[in-house]
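The following pair of complexes shares a single chain, chain A, combined with chain B in the former and chain C in the latter.
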Partner chain A sequence: MHIDLPALIVSAILLAGLYATMSYGLALIYGVMKIVNLAHAGVMMWGAYLAFIFIVNLGMNPFLAPVLIVPTFFFLGILLQRYIVSRIMSAPPISSLLLLFGVWLIMQNISYLIFSGDTRAITTPYTLSTFLVGGISISVNRLVVFGVGILALVSLRQFLGHTYLGKAIRATAQDGEASKLVGINTQWVMEMAFGIGIALASLAGSLMALIFAFDPDFGRSHLLKGFCIVVLGGLESMVGVALGSLVLAIAEALSVLWIMPAMQDFVSFAILVIVLVVMPGGMLGLLQKFLKT
Partner chain B sequence: MSRAWKMGMSLLGLAFLVWIPFSGIGGGYLQTLGFLTFLYVTLSTAWNIMGGYTGQISFGHATFYGLGAYTTSILTLRGLNPFLTIPLAGIVASLYGLLWGYPCLRLRGQYFAIATIGVGEATRLLMLNMDDLIKNNDWLKGFLHDGVLTGGATGLMLPTPPDIRSYALGFYYGAMGIMFAALLVSWKVKTSKFGLGLLAINMDIDAAETLGVRTAYYKNLALMLSALMVGICGSIYSQYVFYIDPQTVFGFPMSIAMVLMPTIGGIGTLLGPVLGAVVYVVVQDQILTANLEFGDFKLSLSSLHLLIYGGLLVVIVLFEPKGILGLQKRLARKWAKRKEDSRERDDNAARVR
Partner chain C sequence: MRIREIFSLISFLVLAFSTLPLAEVMAQPKEIVLGTALPLTGGQSREGGYFKKGYELAVKEINDGGGIPIKEYGKNIPIKLIIYDDKSDNTTSVQLYEKLVTQDKVNALLGGYGTPLITAHTIVAEKYRVPYLNGGGATAAIYQRNMKYVFGILASIEKLAHTLMDWVSAQQDAGHLKKPLKISVMGENTSHGKEFRQGVLDKSKAAPARFQIVMDEPFELNLKDADPLLQKLKASDADVFLADARLADYTTIHRRYTELRLYHQIVSYGPRGSEKAARDALGEASDYIVSCNWWHKEVPTPAARKFAEKYAQTYHEPAEWFPALAYETVRVMAKAMEMAASLDKSKIRDALAKMDMKDSLVVGGRVWFKPNGQIDNDYVMMQNLPGAKVSLIYPPEVATAKAIVPIPKK
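After this line comes the complex of A and B, so read on.
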């Protein structure tokens, strides 16, 4: 069986960029509030549908649509946190899971109501355009998503490391009570973090709409992979998310060598379960355990 | 409500249920609805043992449903008597529960829930592609019958019996019997030492472990019991509709239904799942065939029931985590307190005079 390994690796790297983009939002919210945001899938889906409306119905430039979509969802995220999620912050984590699951259900079925279950896709002049680099053809859309993933990583690192809000977010993630003691308005921080997380999800959704066909059920498998990546990457860093994305993407790409392509998702979900059971501390946690022994 | 009153009402309700197939309301429509209700009540009660009593919310219970359905279908297509396959289906589902439950039940709360979503989707994909996976393997090829094990996306079709009316009637009463059996099991679990252990695990697993409750053993047992009941339901379902496919029986919507029903009705109680299931089936049935049109703009109402349930779920988590039953109990207490207060006031007034 002839396998074009360089092309496989390149496509895996591009996929990793996509996976990273869709996982940052999940990682941020989970890191700060220890909440698994199941509505992340719904936001990605709504981002995709909104992009569809902007690009197909209103004729907007496909790469301009996110610019409008992201701030909208930022505010929606803040509202969601302030009026709904904050009420169950003190309850056991399963309550927030059920709550956000309910929110996801609502989002999904509003989409079913308005758009019906038909699969949509966005076709733009960029959809099929590729360019050759050393004999390997790279899709423009995927390259843009990869670029956005890198850009997001860099900006997130800068933001989390060198701005007040970023550092406040990390502090609240580490120890909420201590953060309050040093004067951080943790309520505001959590609202901001949630808003940013939702905004990142909508960014991912609006870009992925250019690559994948979608229906109201869009986002579920991505959510699972995203959570797998978050657990793999550990909770502390966005770089962990990037590395986790790389690991998952390469695992998926290489798995084609042994199993059917249709079972690729199965591999990802199996990895999710294994990762949850075996390494709750992420890859770095596992590494630390090895180094200690 | 006095005991005699409750007894009377229950007997009346039971008589009504028994009478439904003979009433011929809507040409057997009510009977089919009744069958579905019994099935869903059983599913709801079964999930509640895991999610309600033990507190381990599972979004992957459709795996048991699907395994039960497929076990029955596969064996029936190879000539086995369908009724014999029912307990077998339950056992297969139960063993699968042990298989993925053993590693996953170490996880707590939300992580277990996420893992169950993963397991649910992975199982669905596995069953979808099973035929393609084994048809090239010489060793496993023997499992194929007519070139098909699970039938992939096209699913499996069972032969229909000649006398469909008495068949459906039999299934109506059979499902009713299974529903009552499930409720009995649930009640027995709740009032047993096992159930107390589950409740303890729900409240504080570490404390329970310290007090000597064998948490791992109990959790796995609860999952196996829950899986057994759900598997039996899946088996019965496949024998009633004669056609199954991975998307329906292994699908996420099935798992969602099993979470929504007990949570909305009253999680952790005996009758909460019953209430939730009845509401779910009736509402879904009423909405599923409706359609709304605003001129050009057509609203597809086929998923409206899920929108309602999403909203209900949010409202319940925020304001009344104990579901409809919890709300009813709260209101009943307030009503009783008001009666008590007004009686006191009357007594005081009488004393003053």
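After this line comes the complex of A and C, so read on.
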């Protein structure tokens, strides 16, 4: 059986863009607040449904819908942090895990009530559109999602490195107490970071809705994949997340040469376990350690 | 004196009761209680909602006719239907079935929807020896546990695969497809998918001159990336592509299938294919896909037509297989009670085991059960046509059009 390796690798690279987009928010929130946002899956799911409403019900351009969705969820994230998450910031980590798990379940059940358990999908004029490059069929939808993933990475890098808020977020992520001592309003920083993280999750959901069919349980398996990527990339680094996404997508794609496709998740979680044991700082941590020595 | 009075009274009572018909002495049930727990909320709320409609329609129809005639009591007894919401949750569902048996004292149980839920329910039914009939669980695994009180009117998934392969054979015999035919098969990594793949493999092993399996792969539910699977499919160089997938995975796989510009002479996703949500999502890409199902509103039998019309009048929506099989589940249970001439649970169970109902709306029109409690009737096969149309293509007695094989290249 001759597998078309170049096509497989191109597909994996495009998939990496999607993986990265869905993982940035998870990494940002963990980096600043040291909490694992289990509601991330719920936000992706709501992002998908909002995209469905804008695109299918209101007839909006599919690539303009995120322009409305992202700010909406940014403010939702701020409110969630201000009125709910902030109350358990000083509690043991299990409290935030349970709280955000509860938020996810509430979001899921609201969706079941409003949208029922029906599977939905968004069809646009670009759906199923492809073009050939060197005999490899490239999906327009996937290419756009990949482009947005790159754009999100560049924007995040610029924002975190060159704006006051971005620097304040990085400072709070490094040392919250020291940040307070130098006059940073860390509560405000956390609200902003949470808002941005939630906005990124909604962006991922709205883009994923262009590729995948979804229902209120959407996001669960993507969340687990996001954990793998964030751990692989090094928990707090956006470049690490992008790199982690690429490594994971290529590893999953190439694994088909040796193991059955049903074992793709095995590859992801085997990588997760190996990384946690061998290089707890992720790939970037290992690279830095290597450069020091 | 006092002893003589008491003795006289007892003698009178014994004499009086011995002259009354037994049926009048026994407690006369006011109603027959049927119970079910359905996924009315949660992940399977759509299907659960359909089952509720089917059950309620059948119960209303029977009660409007006076109820079920039970000879032991010499009269028709109306049905009381108890429906609980199991929230698509196994644990809740089992608790509700326990409640139906121990507190609500049901005479018989009607099934819910989906293999995991039904597998859980059947343990309760068997434990308390209450007849359990379902129209929502097809995997043979449900019926392979030597349970005596469990029956189902959905034919097995292996049978679905067999029907599909029989139809492919018929296409070969008609000269539409070559022999041997290279087949790639894939299925979700669940008992559903495994049984489908097994059914295809069994048929191909039995006819090596007709079929050659060039790929056989399971895949995980909720696929995030179908490319590795589809690259394997492309490399297999198959003539025919057969898969078993849920709606979301069917949509994901077939979108990528189309984007990768793959082509096969026959494409089927097992029971999936003609759903409106999928056709909306896939557009023209879903044309000519072949699917197998337990029922379709266009099946040209009086019972099927009658139900389809009645359902559309009552609920103002076209009938799908879910409410049709739910409706038939109640009718079969009522028939079993009538045959048992009693509300004794073991007698109802025996009547189900001996069931041979001829005017059914199921494909083939006949309901009977194999020793394991599962029906073994035919599936109906459909093919999507351009313009969101569907034609019935197999078996010949229900076909409304000839299949278009091979699928036209786009």
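The rule is short, and it goes like this: the second predicted complex is superposed on the first by the 275 of 293 C-alpha atoms of A that agree within 3 Å, B and C clash if a C-alpha of one lies under 4 Å from a C-alpha of the other, contacts with A are read in each partner's own complex, and residues count from 1 in each chain.
The rule is short, and it goes like this: a residue touches a chain if its C-beta (ideal position, glycine included) is under 8 Å from a C-beta of that chain, and two chains touch if they have at least 3 such contacts.
A quick note: this is a predicted structure, and the numbers were derived from the prediction, not measured.
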Fill in: Superposed partners chain B and chain C on chain A - clash or fit
clash
Worksheet item: Which partner does A:Leu272 contact after superposing on A: first (chain B), second (chain C), both, neither?
Response: first
Item to complete: Kindly classify A:Tyr112 by the partners it touches after superposition: chain B alone (first), chain C alone (second), both, or neither?
Response: both
Practice prompt. State whether A:Ser11 touches chain B only (first), chain C only (second), both chains, or neither.
Written response: second
Item to complete: Quick one: classify A:Asn61 as touching chain B (first), chain C (second), both or neither.
Response: neither
Worksheet item: Looking at the overlay, what does A:Ser137 touch: chain B (first), chain C (second), both, or neither?
Response: second
Worksheet entry | Contacts of A:Ala262 with chain B and chain C, given as first, second, both or neither | both
Practice prompt. For A:Pro93, select first, second, both or neither according to whether it touches chain B, chain C, the two together, or no partner.
Written response: first
Item to complete: Tell me which partner A:Ala253 touches in the superposition: chain B (first), chain C (second), both or neither.
Response: second
Item to complete: Answer with first, second, both or neither: which of chain B and chain C does A:Phe227 touch in the superposed model?
Response: first
Item to complete: Tell me which region of chain B runs into chain C after superposition, given the options 201-209, 237-245 or 345-353.
Response: 237-245
Worksheet item: Can you list the residues of chain A that meet both chain B and chain C?
Response: 109, 112-113, 116-117, 216, 220-221, 260, 262, 265
Discussion item. Quick check on the complex: what are the chain A residues that touch chain C?
Written reply: 1-4, 7-8, 11-12, 15, 109, 112-113, 116-123, 127-128, 130, 137, 139, 142, 211-217, 220-222, 225, 249, 252-253, 255-256, 260-262, 264-265
Worksheet item: Mind pulling up the chain B residues that touch chain A in the complex?
Response: 55, 57, 100, 103-104, 106-107, 109-111, 113-115, 117-119, 121-122, 125-126, 128-129, 132-133, 252, 256, 259, 263, 298-304, 306-307, 309-314, 317-318, 321
Item to complete: Provide the residue numbers of chain C that touch chain A in the complex, in ascending order.
Response: 39, 41-47, 49, 88, 189, 215, 217-220, 222, 224-225, 227-229, 231-232, 234-236, 246-248, 251-252, 255-256, 258-261, 277-278, 280-283, 285
Item to complete: Provide the residue numbers of chain A that touch chain B in the complex, in ascending order.
Response: 36, 84, 87-88, 91-99, 101-106, 108-110, 112-114, 116-117, 216, 220-221, 224, 227-228, 259-260, 262-263, 265-266, 269-270, 272-273, 276-277, 280
